[in-house]
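Order of writing sets the chain letters: A, B, C, D and E. Residues in each chain are counted from 1.
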C-alpha cells in the first residue's frame, strides 16, 4: 500500500462536493421535461456518480486488475440477460404472438364471479 | 399406432422375473374395507375440499362433509362420465371433472361417497352478503317441494340437502343453472330439471335472498 | 487465532478485500436482475409513469444526499484507519451509522405517508417494484449499519483496522445501488 | 426413428423425424467412435496390480494436441449441419405460417381444454362459435391456424402425432399452424406441469374428412342458419 | 459481510494440542475445521439423497403399477405425485449435488490441495453449513404444513407457483421457494470462502498451472454460481411476494409477465448445470491421472475449455424455453450458442480419453467410477444435442427423452462423481482403506441398473410420452402395451439400484471399523493432500508444504518412482 499512499490523501470532501453538485443537476435536469435532457441528467449522471464513487471511494483502481474484470463481467452478464429477455418481457408482441391487454380475461361471466373472489381479496389488501 | 419394438420382446423375459419380485410388494395392497379405502382415496379430495370436508372457496371447492351418500355417489359418477362439469364456462366443474377420473372403479367411487357421507357435518362460514332471508323465505317455498322445508333434501325427488352447504357455492350453482352452464346436458336429467326451476328466480338478488334464507335454516338446525 | 490461510495473499490482494469484492460481485447480479426486470416492465408499461409521479422526489433527493454523506464518512474512516487512528475511524463510522439511521427514518416516514395514502405494494406493479427494490436496498443498509457498529467497536480499541476499509467498500456499494435506484424510482416520471 | 413409435399426422411431422434421424446418425457415429476408442484404450492399457509403466505425454505439444484439435474441428463441422437443420425446421414450424384455411382457438385451463371453432361465419366471438371441451375435431388436409392461450396457469398444447408442442401462456395469444394428414383419433397431452390435475387432462383429437367435418359443424352450430349449404365448411 | 464481525480468537490448531479433549458437540457440530464441515455437508447430502431416492421409488412405483398402495409410502395421489416429482428434482440438485460436490469436496479438498491449514474464513464456513441445514429443514417441513409440499416442478413456473388457488399449497410453495433461497445464501457464503481460499491461500511456489484440476473446477463452479444466482434470488423474493403479499410481478392479469420468471430461473438454471458438472469433471481428472499413472493430457486446454464452458453457459439459457412462449426468433440465437457449447465439452471429453492413452490403467473402484463417469456423461452429452436443436426440441421438449437426457448428465455428476470422490479420498478422510471387492460389487450393482432405468426412458420419450404425467392410462393412444413394459423395467431397475446402495453403506461402515489402515499416500498420488496424515489433524500439517511442480507429474522419464509429489524439492 505504501506506493499508493499518495493517492489516499485525496481530498474526499471535494469529491463529496462534486457528487452533491451532480445530484443537484440530476434532480434539476428532468424538471425541464425535455426527454433527452432527462435521460442524460438522470441516468447519464447516475453513471458518472457511480464511477466516481467506485474509483475514488472504493478504490477499485488500487485492487488487482482482475477485480475490475469480474465487476465488468457481472455487468456484461446483466446486459446479456436483458438482451436475451427483452424480446419477451419488454415487447408486447412478436412473431406470431401478442400479449393480451391486462384487463382482458378470457373468462365467462359466471365463472369470473367464482374466480373473482380470490382476485377481489388480493385487490383489497 | 405403437409398434411392438424388439427391445421390449428381449426384455420381457427379464421383466417377468423382476415383476414377480415387485409383485410380492404389490400383493400387500389388499383392498381393505370400504371406509379405509375411502379414507385413503379422500387424500386427493382433501387437497381442495380440506381434511374435514369444509371446502375452500379459493379452490372453488364446496363443503361436502356429511352429504348424502347417494348424492355424492351420483355426482361423482356424473363428473366422471362428463355429464356434469364439462361445460366450457364451468371453471369449478372443469377442475372437478379430471379429479373424479382419478377414481377408476365404481367401487372406489362408492368408497369415497361412503367416507364423505360419514364425515361429521360442518357449517362453512357465510361469505355471501346482501341477501334478505325474509324475501328468500317466500322464494324458497318452491324449492321446499323437492329439497324439503328444512332444506334437508329428499332422495325420492333426487334433491340433495341444502343445509351445511357453502353459501357461495349455492349462489354460483344457481347462477350456473340459470345460465345453462349446469344442466345443459340432456343426459343429466336432474340437472336439467333444476335448470328449469332456477329460472323461477328472476335475478341475482333473488338468488342471494334465497341462499340467505337457506343459511338461516342452517343455523336453526343447530341444537 | 486466525488460520495461516487467511494471512496469505497469493493473488496480490488482502484476503478480506478479495472476499468483499466477491460479495459486491454477487450483489451486482442480485440488484442487476431486479433492475433489469424493472427496466423492461417499466418501458413496456406507459401507465406506470402516472404512478411514478406520486413518488416524492424531494425525499428521494434528501436520502441520496444522506447516503452520499455517509459514504464520505465511511471513506474518511478508512483514511483514518489507514493512518492507524482507530478512535477517529470509529468516530467516523459512527457518523456513517448515523447517516444510515437517518436514511432509514426518512424512508420510514416516506413509506408511512405513501401507504397511508393508498399506495401499497399491491396497488400496481410499479409500487411492487418500488417497495421491493427499496426494501431490499434498505435491508442492505440495515445489515451494513449493524456490521459497521461491530467494526467500530473493535476499531475504537485499535483492533482489526483493515475491516474499516472492507465495510467501507460494502457501504459504497450500497450507495452506488441507491444512485441507480434514485433516478429509476424517483426521477423518471 | 420416431415414426416407428408414432404415426406422422401432420405435414411437418416428417421434417422433425428427419431432423431427429439426422442428429441421431451424426451423434451416434461420434458416440460410437469415442466410446469405442475409450473402451479400446481402457482394455489395451489396463494392468493388473501395480505393475506396468506409463508413458510421459504432456499433451501440450502441437503434434500431440492434434489428436484432440482435429476431432474438435470435426465436431464444429457437424454442429453446423445440425444448426442448419434445426433452424430450417424451426422456421417452417414456428416462424413462417402458411395462409390458413381454418382457424381454431385453443383455451386451456386447470384442467381442461376448450376448443373454439369460429363456426360458419368464420369469425370468432360471434353467436355461432362452436365450443368443445376436451375434444378437437379437425378436417383432414386443411391448413389450420391455432390461437393458443390460457385462462390460469401455463399449459402446453402438445399433439404428439403432429410433432407439435407449444406452451400456453396466460396473458398471451400464441399462433401456430398445422395440417392434419391422417384420419383417426389421437391424444392431446398437456406437457407443462399445471397443478395436481396435470396428468388428468387428456383431450382427444379427431381428424375427419371434409364432408364429415362439415356435417359435424352444422350439427354442432348453436345458431341454425336457414339456408346453409353443407359445403360452407369447405370455404 | 459477516467476516467483518470481530469474534473471539479462533481456537487454532495449536490450541488443539493443549486442549485435546473437546466435547462431541464442539468437535463435530460446532467445529470450524474445514474437514469437519465437509463431513457435515457430505452426510447431510447423503441423507437428503436417501430422501430423494425414496421419493423416486415412490413415484416410479406409481408409474409402473398405477394406483398401487406403494409399500412404505401408501397410495400416491396425483397431488402426492407432483409434490414428489418436484421435491425429488429440487432435493437431488440443490440438496445433494450442490452440497456434496461443491461444498463437501470443496471444503475438504481446497485447503488440503492448495496446502494451507484451513479455509480463510472458518466461521463463515461454519455459518454456511448452518444456513444450509436450516434450508434443508425448511424444505422438509413443507411436507407437513397445510396443503402439503409444493407440486409445480422444480422450475416453479408461475402463475402455478405464485397463486394458492392454482397450486393448492398456500404454505408449501412459499416454504419451497424460501428453502431454495436460503440454500443459495448458504452457498454464496461458502462460495466466497472457496474462491478466496483457492485464489489467495495457495502454498508458496504453487503457480496458477500447478493447481490441481479439481480445485480449478470447484473455483470456476463457485464463480459461475455467484454470478448467476443473483437474478434468481431477486426473482425468488418477487415470487414469494406474489405468493404471500399478492403482488403481481408474474400475474399477467395485472400487468406482470410469467415468462420473466422463466428467464430469471434459467439464467441461473443453466449455469447451475455446469456448477455441479465441473467439480465432478475435476474429481475425474484427479482419479484418471492417478490410476493410469499419466500426466493429464493438455492441462491448459482442459482449463480453457472449463472457462469457455462457463462463459458460454451464460449465453444458452433459453434453450430450456424454446417452446415455453419465447419469441421464436430468439430460439435461433439460442440454438446456435447451445450447439457451440458442445465444442468445449466435447474437447474436454476428448482430453480425458486421450489421457488414457499410454497409461498403466489400474481398475480400482475409484477408477471404475471415474471411467463410468466419462462414458455415461458421454451419453448424456450426445443426447443433449437433440434437445439443443430447436427443431427437434419441438417434439422432444418435456418428454421422457429430456428426462433421460438430464439424468444421464446429473446421475454421472451427482452420484457417480460423488462415489468416485468418496472411494478415492476415503483413505484420506478416515485413514482406512475401503474394501475393493465390495466397492466393485456396488459399482456394477449401480451402473447396470442405472442404464436399465434410463435407456427405456429414451424410447418412451421418442414415443411422445410426457414427463410428470401421473398415470398414462388417460392417454389410450400413447400408453400402449409396450410402453407400460418399459416403465415397469425402469421401476424394477430403480428398486434394484436402490437396493445395491446398501452395499455401499455396509462397505462404508465396515471399512471405517475394520478397514486396513491407510498410510499417508496409499494411491501414490502427487497432490498435496496425500502428504498430510490420514486423516489429517486440525491444521492439516505441522509445517505447511511448499510446492515445486505441477500436480500430474506421473511416470516422468528418468525417475525411479513413477510419481513425483508436488512438495518434493527434487
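Rule of thumb we're sticking to: a contact is a pair of C-beta atoms (placed from the backbone, for glycine too) under 8 Å apart; a residue touches a chain by one contact, two chains touch by 3 or more.
The shown structure was predicted, so the numbers you read here are calculated from the model rather than taken from an experiment.
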_Between chain A and chain C, how many steps is the shortest route if every step has to go to a touching chain?_
1
*More contacting C-beta pairs: C-E or D-E?*
D-E
*Mind having a look at which chain is the central one, using mean CA positions?*
E
_Cα-centroid distance, chain B relative to chain E, in whole angstrom_ = 46
*Geometric centre distance via CA averages, chain C-chain B, whole Å*: 55
*Counting in whole Å, what is the centre-to-centre distance of chain C and chain D, each centre being its mean C-alpha position?*
49
*State, to the nearest whole Å, the distance from the C-alpha centre of chain A to the C-alpha centre of chain E.*
34
_Among all residues of chain D, which ones touch two or more of the remaining chains?_
5-6, 94-95, 107, 110, 151, 161, 171-172, 174, 196-197, 200
_Residues of chain C engaged with two or more neighbouring chains_ = 11, 13, 18, 22, 25, 28-29, 32-33, 36-37, 40-41, 122
*At which residue positions does chain B touch at least two other chains?*
1-2, 5, 44, 47, 58, 60, 88, 91, 99, 101-102
*Residues on chain B engaged by chain D in the complex (per definition of touch)*: 1-3, 5, 44, 47, 82, 86-88, 91, 94-95, 97-99, 101-102
*chain D touches which residues of chain E in the complex?*
77-79, 81-82, 151-153, 157-160, 166-168, 252-253, 257-259, 292-301, 323-325, 328-329, 331-332, 335-336, 339-340, 342-343, 346-347, 349-351, 353-363, 371, 374-375, 378-379, 382-383, 385-386, 388-392, 394-399, 459, 462-464, 466-472, 474-478, 554-557, 562
*What residues of chain A sit close enough to touch chain E in their complex?*
73-74, 77-78, 80-81, 84-85, 87-89, 91, 94-97, 99-100, 102, 105, 115, 118-119, 121-122, 125
*asked:* Under the stated contact criterion, what part of chain B meets chain E in this complex?
replied: 1-2, 4-5, 7-8, 11-12, 14-15, 18-19, 21-22, 25-26, 28-29, 40-41, 43-44, 47-48, 58-60, 99, 101-102, 104
*Note which residues of chain D are touching chain E in the complex, please.*
1-2, 5-6, 15-16, 19-20, 23-24, 26-28, 30-31, 34-35, 37-38, 41-42, 45-47, 49-60, 64-65, 67-68, 71-72, 75-76, 79, 82-83, 85-91, 93-95, 110, 152-154, 156, 158, 160-161, 163-167, 169-172, 174, 185-187, 189-200, 202
